[in-house]
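The first chain written gets the first letter, and so on, giving A, B and C; residue counts start at 1 in each chain.
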Amino acid sequence: MDHHPTNWGRPRDDRVDPYGTFPIHARPRPKEDAFGDAVKHTQQPIVTGSSVIGLKYKDGVMLAADNLASYGSLARYKDVQRLHPVGTSTILGAGGDMSDFQYIQHTLDSLIIEEFTYDDGNKLGPTEIYQYLSRIMYNRRSKMNPLWNSLVVGGIKSDGESFLGYVDLLGTTYQSPTIATGFGSYIAQPLLRNAVDEHPEPLTEEEALSIIQKCMKTLFYRDARSLNKYQVAKVTAEGVTISDPIEAPTVWGFAEGIRGYGAQTQ
Amino acid sequence: MPHQERRFNPYTENGGTILAIAGEDFTVIAGDTRQSEGYNIQTRYAPKVFRLTDKAVLAVNGFAADGNMFVQKVQQRLEWYAHAHNKPMPLKAIARLIQTMLYAKRFFPYYVYNILGGIEEDGSGAVYSFDPVGSYEREACRAAGAAQSLVQPFLDNQIYFKNQLPPPGGAHPRHLPLNDVLSLVIDSFTGATERHIEVGDGLEIYIVLAPNKSSVELERLPGVKRIQGTFDIAGDASPDVTAAAAAVGVTGEKMFVMRRELKKD
Amino acid sequence: MTSIGTGYDLSASTYSPDGRIFQVEYANKAVENSGTAIGLRVKDGVVLAVEKIIHSKLLMPESNKRILTIDKHIGYTSSGLLADGRQLANRARDESQSSRDFYREPPTLKTIVNRLSLFIQAYTLYSSVRPFGCTSLLASVDKHGPGLYVIEPSGISLGHHGAAVGKGRQLAKTELEKLKLNELSMRQAVYEAARIIHLVHDDAKEKDFELEMSWIGAETNNIHLPVPKDLFEDADKQARDALLEDMED
């Protein structure tokens, strides 16, 4: 009676338009499972962090993220740390939903404690943490209940090589000498790639820090969901260090000449 | 309804292109190494081609997270098989396994196009291509991914000799020699890199040779490296060793990988 | 023992007419005959030390650890049935983790000790189970400072300045009482702990033993860790030398 593919698989209801007189898209569709709405999954992030940037340099990796957690366009929390050490040779940076990030921090802390209590000399390095996170993120996206984050994992592997990787809410992963998430993928990534590609030798710590600062400053100028207060973390053979909040010197004199910002009213 | 539009979308596209061509006694499986999302290049090196056994290579293209997960699951199944049967799984069995695994997720598919290449038990080169839900067939060549529409017509013309007249009094060759195939692969990717924004950065070409095929010529090419496998035996093994190895399913296929740069713009 | 054969000692769920639970007392016997374990709660931390009896020369040195870690900031050791001790350590780990899951902060030692005591005590109530044949020492530095607790097979738990359980407990307690524990540093406590374990070990009667020591406090950033090799070896050597001197005297 109704053999059109749009209606395949739908429960047959001959009381309604048995001869298919309605246009296909206007056909009444059977209601979905009555309990379908009972389980609510995260459909959008609420309190969010913006970009995370990172790069490999001579002695290890360096990551940076600002201290802002936004509530929509409201700069809601201005003293939030988005860099989290995991074990003794890994650092995790997060953008996206901050409550999901706190959940991830707790999960990883538990893992590290469990591993510590085994007291078997085995250590979880950045590759293990990266793999673990990718599984968690992919599993959650496969349950249509994602952890709404972009994560950057940096660290020093057991063989002494540095590591820098990315995981996001879809379970997408990649490794790269430079990484920037969110708005930073447009603003900071080109600057980072330039710095690394144009340099014949691996960057020194000073060079790495200076390019990171340049990126964070540019992001503050261009990203409306950013803050001029950020932290820089580094992982070297000596371990993980996270700096106190840093402020980049900025210049706003030019803005006086911009219509809508300065003295002009028209 | 806004609710419908805001619904979480569990998929994305990560660009790139893969390609495989089967010869009479070899198979070539290749992919570029760029991973992208939209206009962003995420990384210039993310492999899309993976060694499965001594004689099988799998290329995956589409949603990278699904692709990586799928490859890991296939590799795990192959390891279980090897432990249970003390031999690597034959190529045609891997092809059917992949179809079963893809179809098992028919209603939440792996958003991935697979191309499986390698050497069959009869020593012939083979390529199997799959759609995301498991439909598959054996072919002589196949391109998939972002630049499929650029590469496949070129392959149809150069491999299948579509729209080409045979030389007077002769016929088109049934199989091309390895060197010609490698040239076609490299040209396909340089071409795709030129005209498709999602293709570029690096090219990774896997070459699998049938047991009796000489690798001397291949090893002379720049950037070619031999891959030693779990079930591999030395190329110059004595007949005794070869027979003993054959008894446990080791037949002496040789695998190589060749890396080339592609344009990064 | 007079109680044997009276029938009141067959089950933990039966009292004797004078109000004792013999099964629990027998569990204590398992502890009394086992290697000595001591704990020193000092000014800025806690030190644990055990006399690990080596039953066979075939055992690997430093294997079969007797001092375990419950959480980053909680150390554990037991005297008595080693297998029971491991079971309790695992239970304590679960308790610690579930406390962290709920409160999102490191649990205090008292929290874990209370939960573990309830667990141990439950095994003194039923005829279908056997009380745990071990006494546990738990050491930690939490937000209240250094802490050292002992839990017996009865489920009773008590805080201590210094604790000693196992075969050499009497002599060890006498030695501990001589110390001004509140004034010692962790480092000094390591030397005292090594000395006491060596002192109480009875060379004549006992098989060979291995000294095992851990500490937590200011020196370890309040994380429970094995005593570092150089310090351990120095303390071990000094303890041995002191014993030799005593013998010569």
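Definition applied: a contact is a pair of C-beta atoms (placed from the backbone, for glycine too) under 8 Å apart; a residue touches a chain by one contact, two chains touch by 3 or more.
What you are looking at is a predicted structure, and each value in this text was computed from that prediction instead of being measured.
Colleague: Find out how few touching-chain steps suffice to connect subunit B with subunit C.
Modeller: Minimum number of steps from subunit B to subunit C: 2.
Colleague: Of all chains present, which has the mean Cα position farthest from that of subunit C?
Modeller: Relative to subunit C, the chain whose C-alpha centre sits farthest away is B.
Colleague: Given the two chain pairs A-C and A-B, which is bridged by the higher number of C-beta pairs in contact?
Modeller: Most C-beta pairs in contact, of the two: A-B.
Colleague: Grab the C-alpha centre of each chain and report whichever is closest to the global C-alpha centre.
Modeller: Chain A is the most central one.
Colleague: Measuring from the mean C-alpha position of subunit B to the mean C-alpha position of subunit C, what distance in angstrom results?
Modeller: 60
Colleague: Between subunit A and subunit C, what distance separates the C-alpha centroids? Give it in angstrom.
Modeller: 46
Colleague: If you average the Cα atoms of subunit A and of subunit B to get two centres, how far apart are those centres in Å?
Modeller: Spacing between the chain centres: roughly 32 Å.
Colleague: Please give the residue numbers of subunit A that touch subunit B in the complex, ascending.
Modeller: Interface residues on the subunit A side: 41-44, 134, 138, 141-142, 144, 146, 166, 170-176, 185-186, 189.
Colleague: Can you list the subunit B residues touching subunit A in their complex?
Modeller: 6-8, 10-12, 14, 35, 37, 40, 42-46, 63-65, 68-69, 108
Colleague: Touching subunit A in the complex: which residues of subunit C?
Modeller: 65, 68-72, 93, 97, 100-101, 104, 226
Colleague: Which residues of subunit A touch subunit C in their complex?
Modeller: Residues in contact with subunit C: 106, 109-110, 113-114, 116-117, 119.
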